[in-house]
Structures are given as C-alpha cells and as structure tokens.
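The letters A, B, C, D and E name the chains in turn, as written, and every chain counts its residues from 1.
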Amino acid sequence: MTYVYFPGCSLTSTGRGYHESLQEVCRALEVPIQELEDWNCCGATSYMAVDESKAFALSARNLALAERLGNGSTQMMVPCAACYLGLNKAQHYLQEFPAIRGKVDKALAAAGLAYSGRVQIRHPLDIFIKDIGRDKIAARVAKPLAGLKVACYYGCQLVRPYAEFDDQHNPTTMETIMTVLGAEVIDWPLKTRCCGGSLTGTIEDVGLRLSYIILTEAQKRGADLVATACPLCQFNLECYQGKMNGRFGLNGKVPVAYFTQLMGLAFGLSNKSLGLNRLFVPLPERRAVAAGGGAHVRG
Amino acid sequence: MEKWQGWDKIQYEAGLDPHFGTKIASIPGGDKLLACIQCGTCSGVCPLSPYMDYTPRQIVAMIRAGFKAEVLSSYTTWLCASCYSCTVECPKEIKITDVMYAVKRMAIQEGVYPKRFPTPVLASEFFHSVEKTGRSTESWLLVRMYLKTNPFKMLKQAMLGFNLWRRGRMGVGVESIKRKDELHRLFTAMENETRAERRAGQEVRP
Amino acid sequence: MSKPKVGFYWCASCGGCEEAVVDLAEGILDVVAAVDIVFWPVALDFKRSDVEALVDGELAVCFINGAIRSSEQCEMVELLRRKAKAVIAFGSCAQLGGIPGLANESSRAAVMDEAYKHAPSVDKGNTVEPIPHITVPEGKLELPVLWETVKTLDQVIDVDYYLPGCPPPVELIGNALKAILSGQLPPKGTVLAPDIALCEHCDRRETKPDKLSVKQFKRPHLTAVDPKECLLAQGLLCLGPVTRDGCGSPCIKANMPCTGCLGPTSNVRDYGAKALSAIASTAGANDEKEMEKILAGIVDPVGTFYRYSLPASFLHRRYQPTARGGK
Amino acid sequence: MSEPTQRSDSFEPRIVAFFCNWCTYTAADLAGTARMTYAPNARVVRVMCSGRLDPQFILAALRNGADGVLIGGCHPGDCHYQEGNYKALRRFILLKRMLASFGIEEERVRLEWIAASEGEKVQRVINEMTDTIRRLGPLRLEPLPAEAAEGHGQKVAVHGGAV
Amino acid sequence: MSAVNASPNGTPKVGVYVCHCGINIAGVIDVTKVVEFAKTLPNVTVAQEYKFMCSDPGQELIQKDLKDGKIDRVVVASCSPLMHEPTFRRAMAACGGNPFLFQMANIREHVSWVNKEKGSATEKAKALVAAAVRRVVFHKPLQKTQVPVNSDVLIVGGGISGIHAALTMADAGRKVYLVEREPTIGGHMAKFDKTFPTLDCSACILTPKMSQVRAHPNITLWTYSEVAEIEGYVGNFKARVRRKPKYVDEGLCVGCLECIEACIFKKGKFKDEFNVGLSLRKPIYVPFPQATPLVAVIDPETCAFFRTGKCKQTCAEVCERKAIDFNQKEEIKEINVGAIILATGFKTFDASRIARYGYGKYPTVYTSLEVERLVNAAGPTGGEVLLPNGQKPKAVGIVHCVGSRDEKTNRYCSRVCCMYSLKLAHLIHERTGAEVYNFYIDMRTPGKGYEEFYDRLMKENVHFIRGRVAEVSDWAMTPEEEGKLVIRAEDTLVGAVRRIPVDMVVLSVGLEPQPDADEVRRRFNISCSTEGWFLERHPKLAPVSTFTDGIFLAGACQGPKDIPDCVAQAGAAAAEALAMIDRGHVELEPNTAFVTEEFCSGCKTCVPLCPYSAISFDTSKNKAVVNGALCKGCGTCVAACPSGALQQNLFTDEEIFNEIEGVVKYV
C-alpha cells in the first residue's frame, strides 16, 4: 500500500533535513510513498487564529485530494507535528460538528472537490511502529547507534490532543525505535513539553526560555543528543543555541536531529542523503558511534 | 507591557459585556466553558503562563464574567503556543486552546489586539500569504513580520537567516501551489457561507 | 308461512367457498327444502334486476364470499346489504381479505402492470389495459374499476356474522345454517366458529414439549416431516396456536402445518402481529446474532403471518410513502 | 375531539414510547429529576417489562397516528425479570423485518436499552428520534376502510379517523 | 366510542385531579387548561386542580368525591407513579375504594421538568391525562396478595456499615447472616489510624463492635465468603453462599498464631493486602492482630505446599488443635432470608491512572490509604512517617481530588477526601514536624465539627493552596528543587503558578464503586447509578431501599460516605428491614398474569417464557396455569399468548390499547 505523503511548508525549507531523511528511510524500509500532488498549507496554528472555518477548508482540500488517490482508504503520512494536528483537528471537527461539515462540503463542491472522511492521518512514528514493525527496522540496522544516549523529544502537537498511536503523557514510540537502532534512551519528564513554537520567532525571550529548559534538562540527564519528530521543534532547539548560551548560560552545544536522520544513520545511509550537512550542531562523530562501546563524543 | 495597573480595581456592571461569555461558548463544543470550576489546572500545566498578564484560568473567569475589553487586549492569548496541554488536562474538558483561538479571532476582527505585538502580526501575515499562494514561505513571512513590528530586530536575525540559507534551509523564492484558482473558489465559497450564516443570525461565533 | 329467502354471492374469490356449499352434499337438499334461494349466480340463473326487484330486507340472510376490490363488487354487496336482514361474511376472503388480500403488498399500479404488461402470457409488443369507459357504436360501455386495495367485506358494508376458513369447513356451514333456520343466532358480530385456538383439538397435542425452544425454522418441502410429532416442535411454522379451531385440522392431518385460514380468536386484534409474537417468542436464543439466524428461517414474514388477513390488519396494506403529505 | 395545536409550518412527530418500569421508565424519571430538557414529542406508556410488548401494540400505535415507536428496556443481562428484554428483542428482530416489507422506514421503530441511571440516554434518544422522524416526515397511513364504516365488524374496531 | 361502552362495570365515573406541585408543574403546564380538557373526556365526572395533590387536603379531595359517589375511579396527574402511586392508592383504600381503580399521569418528571415550552408541555400533559382516563375505565378491582416473611436477614459486607446493621438486627432478635469476602471483617475502617474530626482511634471504636459480632448469638459470621446466587423475592429469598477454604478449621483454631511462627518462610515475603502492599506477610497469616474471626488463613497462591506439593507442613505440625486442613474444600451454604442488606463498600481510585502525579513512578508518591497505614501505630512503620530511605519528610504535599471532579475519571466529589486530607495533614505534621501543603480545588467540610477542624489545621500552620495540582515531577528549575519532587499548581488565590519542592506526596484518592459492583448488582437484581454506585429507590424518600423490594443499601456501596454517615445509613437500612420483617408479611403488587381457561388452547407457548417457572401445564385440563405467588408480573407470557387467553392484571391488552390510543389521539 502506498502512503500519500504530505510534507507541509516547513519541510520544504527549515525542515528540509526531515524531508530528505524521511524519504531515504522509507526507501530503505521499502515503504512506498507518493507526495500529495499540489498540496497546500494545512491551515495550522497561526491560520486558525484568524479564520477557523477557512483553516478547516484548507485542511479539507488536502484531505479531498488525498482521498481521491486512495481506493476508499487513503493512508496519509504527515511528518510535521503542526500539520498532523491541523489535519487531524479538521478531520475531528468535520465528524463532530455537522454545521462545519455542511459548510466545508459546500465550499469543496464549489472548488470541484469532495471529501467523505475516509483519509487516515498517520505520523511516520505511528507507521513505522504499527505498520512496518520493529523487526523490519531492526533487520535494516547496519551500524547500530551503540553507546549513543538519546533524549527523545516529541514536542506538544504530535501527541496532543488527537494522536491515538501513543500515550499522551508518556509517549514511547520514538524510544522504541531508538532502542531498536541500538541507542540508549534517557528517561525524562519533558518529552512533550512545548518548545516555544512560533514564539521563538515572535517573542524571542519567551520562546528561547522554553527551548532552553528542554535542552538543559536533556543535558542534565546525560543525553548526547535530542531526537525530534517536528520541524519547528528541531529548528527552535537547534538553531538558537548560540543565543541561549548568551542569555541563559546554556552549557555547550546539544545536537538535535530528526529521528529519521538517526534511523538513516543506523541503516548506514550517507550523511548527505540524510541532510545531516544541514545541521547547525553536528552529530557526534559517526566513527565513534558506529564503533560502539560508549565512545560518544559531545558536540 | 508597561501596564502599571490591570484596570480600575472596581468593575462596574455597565462596563462589562454580559454576552461575551455565551458568545465565546458558542464555538463548537464550547458550552463546557460554562462549567469551569476555576481549579487552575490549565495555568498549572501551561508552559507559558509565567509570562502571561493573566493566567489562562483568569482569562476563563473573565470571559464568563464579561470582561471583554480586558480579555481582547490581554497578551495572554497571544502568548498561547497552542500546545494543547490545558485542553488535554482540563478536568471539565474545556477546549481551552480553542477558546484562546476564539479570543484571538475576535480580537483581530475587532482590531483590539495589542498593537505592534509580533504574534498577531505573524498570524495575519501567515494568513495572507497562504490566502494568496496556498502555502507559507517561512523566510518572507518572518521578513514581513519584522518589518511590521520591529525592523531593527530583523538585522539581528540576519545572521541566522544567512546560516539557514547557507545550509539550504531557507529559500528566497515564494512557495506556491499550482491550482490557485481552485483554492480561491474554495475560499470564496467559504466566505459566502460564513456571510450567509451571519445574515441568518446563526453565526454567533467570533 | 313462506320459506325464508336466501342469497349467495361471490366477490374476489376463487370459487372454493361455493364448492364448500356444494360440499354440504345431502345436507344441501335440506337447505334447499328449508329455504328459498333467490340469488346464487354461480349455480342458478338470476339477474341483478331480480335482486333489485326485492323489497329491502326481504332476504332473510345473504352469504357473501370473496374480498372486495372493484366498484362492481361494492355496488353488489351494498345492494345485497339493503335487501338482506343479515349478511354473513363467508370465508377468509370476505372475513379478513384472504389470499387476494396479499395483493395489498403491492400497489394497484404494480398489479396492473404485472397483469397487463409483464405477465409471460402478454404479447409484449401489443399490450392493452382495461379502461373503465369506452364508447362503441352500440353505445357507452362501462367496466368495473379496480380499487387501489383489497378490502374485507366489513370494510365496505355492515356485516352480521362471519364464517371463517378457506373455505369454511362444512360442519361450520351446517351449524350456521341450522342456527339461522332455528333463529337461535348469537350476538351480532360473532364469528360462527369455536373461540379457541386449533391446538385445543390437535391430534399431535401430546407431543408438544412443555418448554419448546426452536433452534431452526424449516420449510415443509425441504424437510422430512414426522407424521405424529407436533409440527412446531419439528421447527415447522405451524400457526395452529394462533388460529381459530373448527376446521378439524385437515392440513395437520395431511402432515402440513396450519397456515391460519380461520383467522384469530376474538381476543386478538391483529392476527399477523400476534402470530409473529408467539412464533418469535419460541426462538431459542438469547444472543442477538443467534436470534437473527434462527428468525432468518422465516423467509417472508408478511406472507407467512398475514397470508389470509392482510386487509384486516392494522396496517392494511404496504405503506405508500408517496401518499405521504406535508413534507 | 381535541387535537394538539400544531404549528402549521413544521411537522411535530408523535412518538409512542413503551418504557419498562425498572430501567427506562426510571431513567426517564431521572431525566426529569435532573431537569434534562428534551423534545416533547415522545409520550410514555409504562409497561413492567419490555417483554410485555406485544407487536400488536406497536402496530396499533402506528395505526392510531404515531409517527414512530420507541421501545426502551433494560440492557441485556440487566432485566429485572431476568430475560424479558431478550424476548422483546426476539420479537423486535422479526417485527423489524416485517415492517420493512410493509415499506415502513426502519428508523420509525426503535429499540434501545436504557438503564435506570441513563437519564441522558433518554434525552439523547428521544431527541435523536424526534429529529430523524421530523426528517422522514409524518407517517401517513391511509385510513382503514373500516373507519368509514365504523362500528361494524367482528374485530374490535380501531377507533377514530385519520389524524 | 365502543371502547368506553365496553367498560366492565356499567358506566364508569372517573375523577381527574391535576396537581400543581407548587410551581414544579404549574410553572410549565397550564393546569387549568388540562382540567378543562379533562372535563370534556368521556366518563369524566369530576376534574379539578390542586396545589399539592399528595398533601392531606389533596388526598381528601379524592376521598370526598369517592364517598359522595361522584366518582368510582381516579386519575391523578402529578409526579411519577414510582413516587406517589402508593400514596394515592392508600388514600382510595382508606375510604373504601379499590386502590387499583387508579392511574397516574406522570406530568412532572415526564413533562414539566423536561420541557420549557408551555404550549407543547400542556399538550403532552393532556395526552397523558387522556391516556390515563381511557385506561382507568378498564381497571378492575384487585386485591394485593400477602406472603409471609422469613425473619432472617442476610447482610453482605462486613465493613463498619455491615457490622452496624448486623448488630442492630441481631440485637432486635433477628437471625443475621453476615457474609464478608475478606478473611476478616472490619473493612476500610480497620485500616485507619484516627477518625476525623474527633481524632479518636479507629481501632478503639471499631474492634469492640467486631468482637460483638463474633460473640453475638444471633449472628452467623461467614468471612472469606461470597454470595454466589440469589433466588426468590421479598420476604422469601434463597441465597447460596460460597465459603472459600481457609485451610484452617475455624472451629478449632484459637488464634494462637503459632502456625505463622512455624511457617517454613522465616520472614514475610508476599505483599500484605491489609497494609496495602507496604509490608510483607507469609503464606499463612492473619490480616491484623484484631482480625475477626482471629483465624489463620493459608493463601494457596503463595503457600509452598499448594504450589509445589512439597513442604514440611511445619504449620500443621505445630498446631496442637490440628486446625490446619490442607484438604479443606470450598463449601456452598444455602440459606433462606426475608431481607438482604448490601453493605459492600467501595474501593479507592487507582492513582496510577493519572500519569502526571507520578504514582508508581516516584517511590515517594503515596496514596492516602497507604499513608493511613504509615501513620497507624499498628502499621508497617509502627506509626512513624518514614520515606523508603528511612528518613522523615521535611515537606509534604497533599493533593486533593485525585480521580474526583474530573470528567475523565470520576465526575463526582468523593466527599470524604477533604476531611481525611485534613486529618492526614494533622497526623503527618504532628509526627514529623514537616511543612504540609494541601492543594485543593474547594474545601468541603460540611459536617458536625468539620469546619472547626479545618480551622484548627489552618492555625496549626498547615499550608492551603487553592489550585488543582498540574503535575508532580522531578525536574528541577532551582538548586532547592534538586533531588526533590516538585508540585506545580496555580495558586489561584494569588493568580500565580507555584512550584513547591517536597519530599513526599500524598494523593488523596477518591472513592469508587467496587470493581465487581456491576456483577453484584446483577446478582441481586438492583440498579446502579451512572457512576456505578448502587441505586437507591429515591434519593430523598427511600435512600436505603432499592427498586427490588426486600433489598436495602447501607454505607458507601450507595455512594461515597464517611463513617458517621455509613453508620447512620446502616441503622436506617436495619430499621427498614426490621419494619418489613416485623410486619410478618409483605403485600405483593397484584400485577400478575392470569389465564382465562375458556380461551386457552393449551399450546404451551407461554410455559418456557416464564423465568420464574410460574406457569405450569395442567395436562388433565389441557390448560396453562399461572401460580400467582411465583409470578412477578413482567407480562412476557401475555405478549406471547397467541390467543389472548393470558392477561396481566393492571396491564391487560385492553388497558394498554386504550392507553396507546389516548397518548396518540388524546380523546
């Protein structure tokens, strides 16, 4: 079964590494994906603040386009946490509130589209664990991430409030994958705490503070790097570390990678194909990682 | 944020909007708002409440009591990062995040949000760029936001922008979908629907 | 003293009821001797005008069989009603609608289409339909109009007594005639048959288990039927428990389940609903799926439970949503 | 004969609700005690158990002018009389098939298990059913021919004219 | 209409009385219109309204009209028949009328309370009145049947409620079977150290009552036992009680505890249920020193003999009275009783369901029940409040409303937590000198001396923070927080979020129905509320009765309650049961089925449908026969009877058909 792939706006720019590594990993795991043709913005967060019904219409267009592709049961792979939430929210509201449904249906019809509610919105974590399975992932591991201590960070919108594939308070799918890759995972209480989201761009003081809290706690618990599943989380946590250093005294640099990049690494794929060259804070030396034995290097 | 005083400490009934609460509660599933027991869970779980002028719980209380002017002009909603912690944890299942959105929308509609505060500006810039092209282009979005709020800040961000560009994480072109006409038909129909609803007096939603 | 005048008439019926009268055998001679038959189109040559010529109430009693479905039948029974002191609905069709009443599962239009357009005997290239009025050189001709639904006799005229059955059992007819002749008639509206269900006198009574629990409903042509055992106990849908006694259960004696032609006893208002209730209650399951499976053995509930009584039922006919207004 | 004042512009369905004494009737009382408002269209006929429901009652309700019939009983396994609700279900399953053959929309006759504590369910089901039937429109059974010649017949006459 | 002419007793005279119920009915329904309408109905000779029909003057209205011969049957349009049908029936009987020539139209619960719109409410009320009038015409005079009542009583559950009910009944001279599923009676109360607000020692007030139960000549105490099955009906229940084997003969064991000493396990190894897992016990044990009966129990799950078949059986060797019997088998006891009191109690909320509070994750997060054991002098730490590291906490946070007042867990207030939290705050503060923080949403202290206790705690300098705890976690923001648990909550009175580092967290868990409450209620044929508590017949007027006559409720199985309320309710349940038993008989509703033989064809359709085997088949007559004493009046057989030979009193076909016509057509 082919998954309809919805990258979302971030994955074409700041989150390009996510886009590249996800595609590579899917190829390696033989997960067929096909990018949704002419997809549009999901209608997420900021949009919702201006016009809610149009936000639903935006999501509905994507869902309608996706539904057209599948034969009654389209599986849509949505890696960006904000898009995942935005599309899911639209899906739920269309189901729960007939008034919204009626309005959106009419608008879709005006655009020559229709959506009957049969698209399943799935995050890659969900697909990798539920559909592909840890065995298949394990079988693909060529260079285990032995000795690498990973803090899995889900951020907020991935598990709240709509995800069903994992626990809202203590999600573990990413940990499962990291363990399969041979890495060690740390237990920490902030894996679903907000990174500051778009506030980093608007009210920098506040946004940075939130990201800083997460990074220091990961450091305190001995993490070598933070694994993320959301382009905005990755951007916030990684790209502002210099500023956090100055403002709050963040101690050193913490690599922040997409979980898909780490999967690719363990599968033995090239740094470039995984977009690792796009990172601001380089990952611990590959050689050291592959050699195992805990010879991890701090960035 | 140079508020030395929240508002006149005595609040006269004439200064309140008695319909404000029910209006906000008319969003889908919003009726639960009226069942708030003021337990403060929302504020307690909120990662941003330390930076807000009113805690989310206070906002809910103020909405119910009709403190419209204060709520619409407060910074609280614009600090909400939509992390949904409050929505998930609320023991009364109030969709607090959606309440925050409703307040934001009403504030934008009535033009009473804190001026030159970056978040509402970002929201409307985002809205307009998607409206035009169907997608958001992160680089241009930020540029426009800084221009409208604090142009000097943009200079400070120039280094970050350069670094992103160098790593291929920020383009200079504008992202757009192909079938913009389709999208515009969709939007126009949606606007017509909303207008019709308002005319029919059904649309009480902000 | 002159002999009481008697009439017989048939409406929508198969002729079986007339046969039943003839089946009185020698008894008919007593009848003929005791009464003066002034109208009996099936046997004797009387014309409508002969009836019209009678004084109102001149007939002591008129036996009418068959259901009512056409304007002509209606006119005739109304005429007979005027002429007769007592009217007896004779047989299932007159009493409850009978087999012709099953046509109420379809609309008139569907019935006409079937008969005049789709029946195998119809020349498809050259279909004709009856029209009520036509002018020919000889003058204006009129055909009876077929009504939208089949009606029972008492849905058209006032009825005094009922002789149930398809056809009415000879013994009941005999008893009825005796009662009429002796003038010892029960209160108006009585069904002239025992007011108790068939099981009362069933030969297989003893073999019915105390706690019947049917696990599968079988159709008689698809199973070997034990000639002694209670048919319901064998899973055959026998309507004896719901049906009036008085026939002597010839069907059951012939190893066939009762299909209910004598209709309900006087405490039951809607034969089919009550039959459904009794039969469904015996389905031996408490699991919904299992219940559905067992009850699926009853292939055609309307045809089964309302075989003789559809026009007399609460619903009377298939619901015509097109007849719905106010929408 | 008094008829309810009906607003001419909208059709108000009439629903006869047969509720068992122990569960659903109690639940309806509870809905009252809790002041849960719901559509006024359902009128309750109390029976001790849903097992008392003779299919004749349901047809009689429709014949008399009900646009829908709701049957409420205890949840499976909860019957105050052990299994009465199962017996109701057996009849209901067959009756539903029969009503379908009669061309009557299946939404018009509904069986719901409602426990004594489920006041909210009474509210929800009655509201839902009222909406559904309002959408379907009135059940306009043709008047029985007998009603034209009322007072005759061996059957206990079904009273009244068309509603 | 022919229906009316068919009335059995000549021309009936129906009186219709429409109640205002203050404004409960009259506020929504136009009562006068309903009365005017009722006057137009056939057979109605009197129709009037009154403010409160259930009041004495209201009832007298009916009685006067009956006596004056104006009416012979009555329709009262007021509240639910489940509420006042008995009242009006009594009123009719009192002046010589037959109480069953009566019908109620429920225009309060089913109309005025669920309707806001006057017009449609009035119409609905009219329909219900019309239906009642049409139906009552067909009512027949009936007599209630009387059946004798067995004077023994079964009490299920041996907590404080069961104990109190048992002693009350036994003192009144009734024979009581007290069945408890644990090895000892005492319930939750036996686990507490002190009771609020008086701080008397729980054991000191409970254990004497436990001994009385043991010694009382009228009480048969069966612990480690469960009621497996109930048959019969009010006054005549038959119960089957399953007695699980203790593997120790209760008649022989004297409670010397030598066997426990002699067990091959030198030390406790298994979680001690009585101490909620805070200590360890051996496979042979007594739950606590004052256990009643004081008889050792062998737990086959953990006993080496049962697990492996190999054990030296040192326990049996050491027992001089040879009380230990490894061959003991489960026993089923059959008893006949007239009344049953359910006192099956509650369970505490499982705190691990709220992940944010860290129960099960952080070892210093306790439930309140665990802390009850910690502060108990007979508990695992001898009454010292000690953390797993052996130290006393310096700061303790008590989190109120855990699992309560939350749509995702339990919506209701558990009613006892505020008070027991205050008690624990006091005890912890007293024993450790720690700073104690109470996090509450609302303090609920309605009870004698309760508010005063709250007052006292505030003066003891216990902290009260008004805010529901958002999170208990171990991530530190300040050096002071390092190594501690941090409680995060908004102090809503201040309007700021606070982080408070503590050494110990107490989760004040709410009360929930027993996990098997649903099974139990099915077994006893009673109902549960939405939350799963056993449902009382009426929250105000019949709070200890159930919808099944002869079964009463005591204590927290009916809803969260503290000890004084449990005891009061247990007394009330005992009094109701006594009143019923002392009457010597119960009257059964005459809504039984009956056969009109003339119409019965002997088809036997009805026979298998009766769940009570009340229908037999008389082969000599070929007729079905209903045993009125066994028939409970469901009417299932009546619905099935293919020839209408079976009818049900008060629910005949005729009555129901007319009621249907009435509600739809309203004439």
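Keep this in mind: contacts are C-beta pairs under 8 Å (C-beta built on N, C-alpha and C of every residue); 3 or more make two chains touch, one makes a residue touch a chain.
Values in this document were obtained by computation on a predicted structure and should not be read as measured data.
S.K.: Tell me which chains count as touching both chain C and chain D.
M.R.: Chains in contact with chain C as well as chain D: E.
S.K.: Which chains does chain C share as contact partners with chain E?
M.R.: Shared contacts of chain C and chain E: D.
S.K.: With chain centres taken as the means of their Cα atoms, state the distance from chain D to chain E in Å.
M.R.: Result: the chain centres lie 32 Å from each other.
S.K.: Measuring from the mean C-alpha position of chain A to the mean C-alpha position of chain E, what distance in angstrom results?
M.R.: For chain A versus chain E, the centre distance works out to 50 Å.
S.K.: If you average the CA atoms of chain B and of chain C, how many Å lie between those two points?
M.R.: Distance between chain centres, rounded to whole Å: 75 Å.
S.K.: Go ahead and note the Å separation of the Cα centroids belonging to chain B and chain E.
M.R.: Using C-alpha averages as centres, the distance is 49 Å.
S.K.: Which residues belonging to chain D are in contact with no fewer than two other chains?
M.R.: Where chain D meets two or more other chains at a single residue, that happens at 54, 56, 60, 83, 87, 91, 156.
S.K.: Give the residues of chain E that touch two or more other chains, as numbers and ranges in rising order.
M.R.: 356, 609, 636, 639-640, 653, 657
S.K.: Which residues belonging to chain A are in contact with no fewer than two other chains?
M.R.: Within chain A, no residue touches at least two other chains.
S.K.: What is the complete set of touching chain pairs?
M.R.: Every touching chain pair, ordered by label, is A-B, A-E, B-E, C-D, C-E, D-E.
S.K.: In the complex formed with chain C, which residues of chain D make contact?
M.R.: Interface residues on the chain D side: 11, 54-56, 58-60, 62-63, 76, 83, 86-87, 89-91, 93-95, 97-98, 101-105, 137-142, 144-146, 148-149, 152-156, 158.
S.K.: Can you tell me which positions in chain C touch chain D when the two form their complex?
M.R.: Touch residues, chain C against chain D: 95, 105, 149, 151-152, 154-159, 162, 189-191, 266, 268-270, 272-274, 276-277, 279-281, 283, 285-286, 288, 291-292, 295, 298, 300-302, 305, 311-321, 323-327.
S.K.: Any idea which chain E residues touch chain A in the complex?
M.R.: 355-356, 473-475, 477
S.K.: Using the touch rule from the top, collect the residues of chain A that touch chain E in their complex.
M.R.: 167, 169-170, 188-190, 213, 217
S.K.: Please output the residues of chain D touching chain E within their complex, sorted ascending.
M.R.: Within the complex, chain D touches chain E at residues 1-5, 12, 14, 16, 21-23, 25-26, 28-29, 31-33, 35-38, 40, 43-49, 51-54, 56-57, 60-61, 64-66, 77-78, 80-84, 87, 91, 115-118, 120, 123, 151, 156-157, 159-160, 163.
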